[in-house]
Structures are given as C-alpha cells and as structure tokens.
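Notes for the one structure printed next.
Here the chain labels run A, B, C, D and E in written order, and each chain numbers its own residues starting at 1.
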Amino acid sequence: MDIATLIGFLVGLACVIVGVVADGGNFALFFNIPAVTIVVGGTIASTCIHFSAKQVLGVAAVMKKTMFCKLPAESDLIQKMVNYAAINRRDGALALERQVATAGDPFLVKAIRMVIDGQKEEAIEEQLALEIQYLQERHADGKKMLEFMGAGCPAFGMVGTLVGLVQMFSNMESPEKIGKGMAVALVCTFYGAFVANLFFIPLAGKLGMRSKGEVFLKQMLAEGILAIAAGESPTSVREVMQSFVSEHRRNDIKPSDNVRKAA
Amino acid sequence: MDIATLIGFLVGLACVIVGVVADGGNFALFFNIPAVTIVVGGTIASTCIHFSAKQVLGVAAVMKKTMFCKLPAESDLIQKMVNYAAINRRDGALALERQVATAGDPFLVKAIRMVIDGQKEEAIEEQLALEIQYLQERHADGKKMLEFMGAGCPAFGMVGTLVGLVQMFSNMESPEKIGKGMAVALVCTFYGAFVANLFFIPLAGKLGMRSKGEVFLKQMLAEGILAIAAGESPTSVREVMQSFVSEHRRNDIKPSDNVRKAA
Amino acid sequence: MDIATLIGFLVGLACVIVGVVADGGNFALFFNIPAVTIVVGGTIASTCIHFSAKQVLGVAAVMKKTMFCKLPAESDLIQKMVNYAAINRRDGALALERQVATAGDPFLVKAIRMVIDGQKEEAIEEQLALEIQYLQERHADGKKMLEFMGAGCPAFGMVGTLVGLVQMFSNMESPEKIGKGMAVALVCTFYGAFVANLFFIPLAGKLGMRSKGEVFLKQMLAEGILAIAAGESPTSVREVMQSFVSEHRRNDIKPSDNVRKAA
Amino acid sequence: MDIATLIGFLVGLACVIVGVVADGGNFALFFNIPAVTIVVGGTIASTCIHFSAKQVLGVAAVMKKTMFCKLPAESDLIQKMVNYAAINRRDGALALERQVATAGDPFLVKAIRMVIDGQKEEAIEEQLALEIQYLQERHADGKKMLEFMGAGCPAFGMVGTLVGLVQMFSNMESPEKIGKGMAVALVCTFYGAFVANLFFIPLAGKLGMRSKGEVFLKQMLAEGILAIAAGESPTSVREVMQSFVSEHRRNDIKPSDNVRKAA
Amino acid sequence: MDIATLIGFLVGLACVIVGVVADGGNFALFFNIPAVTIVVGGTIASTCIHFSAKQVLGVAAVMKKTMFCKLPAESDLIQKMVNYAAINRRDGALALERQVATAGDPFLVKAIRMVIDGQKEEAIEEQLALEIQYLQERHADGKKMLEFMGAGCPAFGMVGTLVGLVQMFSNMESPEKIGKGMAVALVCTFYGAFVANLFFIPLAGKLGMRSKGEVFLKQMLAEGILAIAAGESPTSVREVMQSFVSEHRRNDIKPSDNVRKAA
C-alpha cells in the first residue's frame, strides 16, 4: 500500500510535466510563490478554523503513516500470536515480558502488558474494543479533514485567480501584459485543481480503505490476545484468529508448518 | 447485455465523429498525446492512490467481463441444474464428476464439488452465501472505483486545460497562435468530459445493474444445488429454483418439455 | 395529469421561441443536425451502456403513458368495482366474464380473471401484491433512467461545444468566422440545458408523482377485488375501498346515489 | 415571521439596486421582457410538468400564507382553549357553538364542531392526527416544489443566455453590438440567479421552519381539545397544553392571571 | 479553540494580501462598497427570509462564543464538582449558595440551584437533559444557518458580478473602460468566494465540532451534579465523572492530589 501511493503521486506529477513540456515547457510559470501562498495558506487557514490545531497536526501524522507504512500481513500477525501463545503456555505470562520490547505496534504492546498484569479477560476485551473505537474515530476525523481540504483547495484556487484577474483587468495596457496577468492568475486555479485531485481527494479515499484494513487486523489481534489470556493452546489461538480471516485467504497459511515453528 | 454495451460505445463515438466532421473535420486536432497523458494518466494515478494496485487491476477484469460476457439465461441454468439432479438421482453424486469439467462457471464448479464430496447441506449453504457476498463486495468496490474515475477524468481534463492556458497566455504573439493554444488546451477538457460521460459513469451504472442480475442467478443456483444435495427429484429442483423467478418470467419456460429432456 | 404535462412542454417551448424572436429571430441557428446528433445520440448511447436495451425501450412506453394517459378518478373505479360486486352477487362470478372485455386496465382484467377462476383469496392477494410491486419497480427504474438522462444531456452538450470550440480556435481567420463557430458550438450547450431542464428532469419527477398515484389506485382496486372474491355485498365493497381514500376526498362521492345505480 | 420575510425581500432588492446605481445606474437594462419570459416561464412550465396543475396553484396559496400570515402566539392559543374549557364546564358543549364563528382557524373550527357533536375522544384524536398529517404533507410538497423551482430558475437563466449568445455570435458586426448582445444575454443568467437565491431557495427553507412551528401549535391545540372533550377543568386544560411547551417558554405565561380571566 | 479560530482568519487574510501585493498591490480595487452591499446584504437578506430574525441574531451570539470563548478543561470541571461535593458533605446543600455566584456557567448555576432547592434527583436529571437537548438544537440551527450563508455568499457574488457585467457590456467604449468594469464586476465574485470559504463554511464546521465538545462537558457536569444531589462523597463524584472521560485522558488527572485539595 505504501509504495503504490507514492508511485501514484509520482506518476500523476510526471503526467502533468509531460503536458507542460508538450505545450512549450516553460516550467518557471508554474513556480509561483504568491499562488502557493493563497492556495495552500488559505486551505490550511480554513482547516484550522474548522478543526482544532491539535487535529490538523494529528492528520499530518496519519497521512505520513498512510503513505509510508505498510500494513503487516495477516499470516505474520497470526504467527506472532501463535508464538506468544506457545511462550505463555510453556513459560507463563511473565515470559512474554521480553516479547513486548520487539512487538513494535503500541496496540499489541498494551494488550500483552494487560495479559502479563493478569487482568481479567472482560477488562482486556473492553479496553481493546475501546482502543479500536478510538482508532476508527481518529481515522474518520482524518478522512473528514482531508475531504474538507480537497474541497477548500479549488475554492482558494479560484480566490487567487480572482485576485489576479481583478488587478489585471484594472490595468490593461498591452495585450502582452494582459496575457501575462491571465497566466499568473490561472496558475492559482491550476494549483487548486491539481493538489485537490492528486493529493487530498484520493488520500481521503485511501485513508478510508486503510482504516478498514487496520481495524480488521486489530480485531483479529484482539481475538488472539483474548485466547492467550484464557491460556489456550497455540493451535486454538490460530484457529480463533483464522475464523476472522475469510475462506479465500486461509489457503495462504500452512497451519501444520507454522505450529511446528511456534511449538 | 454484452453487445448493447459495445454498441453504446460505438454509437457514442460515432455521434462525436459526426460532430467533428460537421464542424470542419480536422480529426488531427483530437489526437493529442500530451492531453491523453494528463487526463488518462492523472485519473489512473489518483485511482492508484485511493485504491490498492490490486484493486485497480481487478477492476479491469470486472470491466472486461461486464462488456464482453453475457449473463446466461435463467431457463438454461434451471435446465442445467435439473439435468444434474437427474444424474444425481440415477447414478449418484459421484456421477456428477464428469459434469464439473463442462460447468464453466467457477461458482457452479465449486458448488458441485462440495456435493460430490458429500459435505453437509448447512456447510454448502454457508459457503455459497459467503461466495455470493464476496461477489457483491467485489462488484461494489468496482462500482465505487469507476465512479471515482468518472469524477477524476473531468478534473484532470481541467488540470490539462489550465496547463495549456497558462503557457498560451504567457506567450501571446499572434491571434493565430492564441487560437492554436486554446484549441490544444481545450482538447484536455474534451477528453475528460467525453471519457467520463461515455465510459466511466455509465459503466459504473452498468456494473450496478449487472451485479444485481448476477447475484440473483447465483442465489437461484445455490437453491438448486442445495436441493440436489438433499437428493431431491429433478421436478422439485426445478420448482425450488422457479420460486426464485418472478411470475412474469415463469411463462417463458415450459416445464413439461424440459423435465422430459432432463429425465 | 396528461394534458398539464403537454401544456408544460408547449409553454416551455413557447417561452424560448419568444426569447429567440426578441434577440433577432434567426431560428435557423437553432436547427443544427450535428448538435442534435451529439447531444441526443450521446445521451442515448450512454443510457444504453448503463441500462439494458430492453429497459431503454421500456422507458419510452412509460414516458408515453405518463404524458398521454390520465389516471382514472377514484370514484369511477369504486363505482366500477361496486358494479362488479352487484353482478357477482346477482349472477355469480361467471357473469363477470363479459365485463373483462370492457375493463381495459390489464391489472383489473387479470384480477377479475382470478375471481372468475375461483382462486383462493390468499392467492389473489399475493398475486396482486406482486403485480403492484413490479409496477413500482418499473416506475423506479424509469425514474432512475430519466434522471440519468437529465444528467447526461448537459454533459454531452458540453462535449459537443468543446468539439466545436477546438476546431474554431484552431482556425481563426476572421472575426466573423469566429462568431459563427462560437454560435454553432454553443448550440450544443443550449440543447443539453434545454432538453434536460424542460424534458428529462421534470419528467423524472412526474413519473415519481404518478407512480405514487397509480400504486394507490391499484391498492384500492386490490382491496375491492378481494372483497368481491369474498362474495361481499356492493355496499361493503364500497366501504372497504373508501377506507383507502382519505377523509378529505370522501365527501366527493355520494354513497347512496352510487349504490342505487350499481344495484 | 410574516414581516421579516417581506423585509428580507426588500433588503435583498435594495442591495441589488445599490449595485446597479453604483455601476452606472442604467436600470432599463434589467427590465427585459423576453428574459423574464424565458426564466419565469420556463421554470413554471417545468414545474407544471413535474407537479400537477392543482399542486402548482396550491403552492401559491401556501407561499402567500407563509409570507403574510403570522403564527399565533402559544400563550394566546392556550388562553383561547382555557376559555373554551370554562365555557364547556359552565354552559355545556353546545354553548361553544357561538365560539366557532370567531375561532378563525379551520382546524380549530373542525375540532370544536366535533366536541359539540359529542363525538368520542378516540374519534376526535384520530381525525385531528389525520388533519395534522395532511398539513405536514402539504407543507412537504410545497417545500419540494419551491426547491425544484430554485434549481430550475438558474438553469433556465442559462438557457436564455445561450439563446442570446448564439444569436449574438452569429451576427458580430460591431464591438458595440456585441456588447449590447452580451448584456441582454447575461440578464437571463442574472434573473435566474437572483430569483432563485432571494426567492425560491430561502422560501423553501422558511416553509420548512414554518411547517415545524405550525405542526407544533396544532398538536398543542389537539391536546387542549381532547382535554375539553373529556370535560376537564380550565386549569387542567392549561396544564395539559403547557406540557407541550418547553420549560424555557413557560415563564412567559402567568397561570393565575389567565385562569382568573378565563373563569 | 478560541485563538486557533482567530489565527486561522488572520492567516487566511494574510495569504490573500500577499497575493494582492504580488500582483501589483492595488488594494483600493478590493474595497468596493457596492460589492460588499450586494454580497453581504443579499446573503443576510436571504438568511432573514429562511430563518426568523430572532434566529439570525442568535447565531451572531453563537459565532462570537465559538470564536472567543475557550471550552474549560475537563479536569478543571471535575475538580470544581469535587469541591462542591466536599462543601455539600461538610456544610450541607445551603452552603453551596455562595458558590453559585462564582460558578459562571448558567447551566451549572441552574443545576446547583436545583440541588440547593432540594429538588428530587429525577427532576434534576430530566431538567438537565432538556437543557442539553436545547443546547444541541441551538447549535444545530446555528450550523444549518452558517451552511446556508456559506452557500448564499458565492451566489450573491455571482449576482453582483452579473449586475456589473450587464452594465459594462452595454457600454463598451474603450478597452480601458471595459477592463475597469470587469475588475469591479469580478470583485463581487471574489468577495463571495472569499467570505464563504474563509468564514461561513469553516465556521459551520467548527460549530459542529464545538457542539460535540460542549455537550460532552455538560453531560459530564450533569453526572456530577446528580451524584452531589444524591449526597455522594467527593471521591465517588470524581469517579462518576471520570467514567465519562475516556481512558486516554484519565491519566492527566491525579486523583489523590485533587481530593486532598477539595477536602
């Protein structure tokens, strides 16, 4: 998922560069600081008014994660949990302590900590469900914000173009000057349309897709953790987690092979 | 359904060609590689950002199927299942093995295999319901993607036109050159509007219509398979399947005729 | 309802003709075969892609019916059913056979036939409910298609205008020729806006309104037929049907008067 | 509510007049009969196609009522009902006959008549609930129609402008004539935007707000009428009705004062 | 929240000023009283037609509060309620009388008054729930109105531009005059787009976000008040209120520390 997003941006950018080269290749026209200021500044300003500063900063983190982090494979996560179950069975919950350091995912760390602390299954279940709900809300807020920005960008592009047109029309001396004014004014509209359609709008969609996938993985993990907390065997932990995975994908995992490695 | 879709594309294309001929017939103006690059490339790039690369490739297969494959007639499917029921009754489930090779539809092959394997009715029902649900989800994803592309196309058409206009306005030497620049710039808008309205938007609608039809046929097949698995007679298999078909269409099938052929 | 629709079309057309006359009255400009080809042809082509050819032909029938057929008055239908009830009571169900020929409405014909055949009340009720459901679905499909066409028309108007503009700009010799080119190009936009707003969009709305009215009448008829099938008296048939009609409209019908005519 | 609506129209009109005066004050340009014909005529024509002629006339009555009639104050209505309850208790239901003449509101007249006729409480309740439902449906239809007109107005403004532009471009002799043609053509767009945004769109909203308020008052009245029909005392009628009024507004009414006047 | 909103406005304004300076810096063009009259006056006029004058004035108060008032921190509110609980336990409900003067928030004042008056818990609960519901409705109305204004602003911007264009085109003497006319006309569109996108649209969103936050705080307060009315200890008041606060944020409050200060 990570690389596809980046490649998408680069391909989209390359297509526009091809268009610029084909029409004369005057790239300097498209580097216009005041136009960037109006479109990007205006969009960020209106987003700060709608959302809180904290949320605006939060979405940057979410976007970075969406663009650069790949979701782990289901089979890897299941294998990880099967390993934990084996350790738990063999050496007791306290032996999981060493695994926490390498777990990576804060959700998983928190879940394992609760198992080590010997919390009740109901408490763990409730807490993890709450965490998943917070995750969904953060994603939904991020998506809403990206959609708001995707709508604001073209609007501020138009605002910038109108600023340019008003000044150009009030001062029409030579056709050449008119043309230059028009070109500068239209760059704002270009920025608005380009950034919204290649960045904010598809990224809002991607966040929605990724949210689904991540929530699914977290729910699968929660099932596994609960089975471990109940002291179930590695084999039954695998079975519980696989009941979350569709029949289609089950074939990708070879149970006998993995259980042996975990045991 | 298949041919109607193709004819629709050809008629739409022909109408625009008539328009080009009537206005002077300069077709060369409308073959503009940079414009195609921006509109098609930009649309695909933003779709790759929103969806995963796997989904983008998947939709191509779905589109091909929608455009070139005709849904089988209900009466043919019912007749097929009645034949299978007769074979099952006469020669036992194992005799269906030879039919699998000619069944064609992977859904039907999978269903018959489960009957041959002697799986329980509940297991078959659950499994087929799951398959139908996956089918619906794949169709819904495909429709969403085509709609996203139908919205992205005109947007990147505008992006391309703005690229052309900015360069044209910055370099207005002669009226003729201005005209040429405008013409080239507007071709992008033309591509965006044309492709979206003759291709992506109606195809998204068609996928929705076809999804309904295909799900209906699959549900009818599932009813038939379950009846066969229960060892019912060809006549009662037909009856079970026809209860899925509306009263309107029932008249098209002549029961006595078909049962005789099946027996 | 029928005549109001036709008058609406004529008034809308007359208003635009007034506008043409006031601006110079050059009607020839607005008869442009290539423009009609692109706008109407493109709209029909994209509709054929979205819907099946069968549905496209079906909507023509629905549109004709919506524009030229008036819904019968409730009181007339109630009176008709009261007459049938009287005949049924006096001469038996078979005596209704002669009424079928003059019933006109296929729904009513089918319903009476079932009464004559002595089918069970439950079977008749189920069958008529199915017929009403099919009617609603046909209307809903028709409305969806008209709305799709109302959205496609302006889009193909723009496509046609862009075809004209691209060719005009690429060949700017004299101001007069530019003007002529612009005029021809804009006729497409005019067609798209005019046809969509005076034809497809309000007709989609009308179909929705009419569907409600027709379904109401059919439900009222179904109530009457069921009462007749149960062998109830003309008076109680009238009462059953009137329970479907709001208190507001009940005053329009004079029960004693009608019953006497029916008896 | 009545006067605010009128003032809104006048202020909106005044603002545009200020704009016209500031730009040169050539008012004659904005009185253009053909433009009015296309925009208003086209909007009405398409509305007649969508809705029935009866509904179009009905909405005029609803609009007049919305603009010129003020909703009565809650406290006045409660006081009225308390008075009726006192009369009913003191002189019997028949003594209410004289009050009917001065009741004004047809809903109230109908309700009192039912009390005088000695109808059962259940019958009165059902009948009044039906009346309120009809009122809501009429309002909802009116709102839908005004929204349809608010969308049709700018569309026919564009149709009119295109009619003007096509003729102007086909006959470009002098720059001055072009300018005049553009001015005339744009007046249609102006009409469409102005009428939709100052008239149909806010009026549709107002009808929605007013519908809520009127339904609330009618429900409060129905509660009071039912209490009177049950022969309750003026004090308990007031209490029943006030349970419909929010705690916020209750302070506006001084119970002791009013009961004394009513007794 | 307060300062972020103001900073957002200032940043947005600054960005546009940068754009003006970069394109020539003729600020006088953008101070155009008639344009302001049409855009702002028209928007307010249409809003007065849709909503009542009372609601329009109410939204001004809501906007002021949204822009300048910061929501109190949860921990501060919990601490306040814990203090009240301690006073109530130690000195009785009447001792809370002195706290009312410094409570500030009318919702809290009203709630404490009810505790002092010794009203029943059920009555207090019902009353506070009603107050919270009114708050939500006021916020929802305000949001709806701001969204209506955000849609009206660009529409009246277009109306103003059309007024300018019609007059300009009817009087085309010199290219310079045409330019000046265009500039003046486009200022209206600029106002509409700028005010809607930097003011009304994000402010409507902010009101929605703030409404959620404020309702949450009020519900937390209501829980605390009910616990105090039940005579519970400061510690259990804190616990009840914290059950409303997510696990994430609970760590910010140090229970032992606060309880000591409150005792």
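In this section, contacts are C-beta pairs under 8 Å (C-beta built on N, C-alpha and C of every residue); 3 or more make two chains touch, one makes a residue touch a chain.
Since the model is a prediction, treat every value here as computed from it, not as a measurement.
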item	value
Both-way neighbours, i.e. chains that touch chain D and touch chain C	none
Superposing rotation of chain C relative to chain E, computed on C-alpha atoms, to nearest 5°	145
Interchain centroid distance [CA atoms averaged], chain B/chain E, Å	48
Length of the line joining the C-alpha centres of chain B and chain C, rounded to whole Å	30
Residue numbers of chain A (touch at least two other chains)	none
Residues of chain D defined as touching chain C within the complex	33-35, 37-38, 41-42, 44-53, 127, 130, 134, 148, 152, 155-156, 158-160, 162-172, 181, 184-185, 188
Interfacial residue positions of chain B with respect to chain C in the complex	1, 4-5, 7-9, 11-12, 14-16, 18-24, 26, 29-30, 175-176, 178-180, 182-183, 186-187, 189-190, 193-194, 196-198, 201-203, 205-206, 209, 246-248
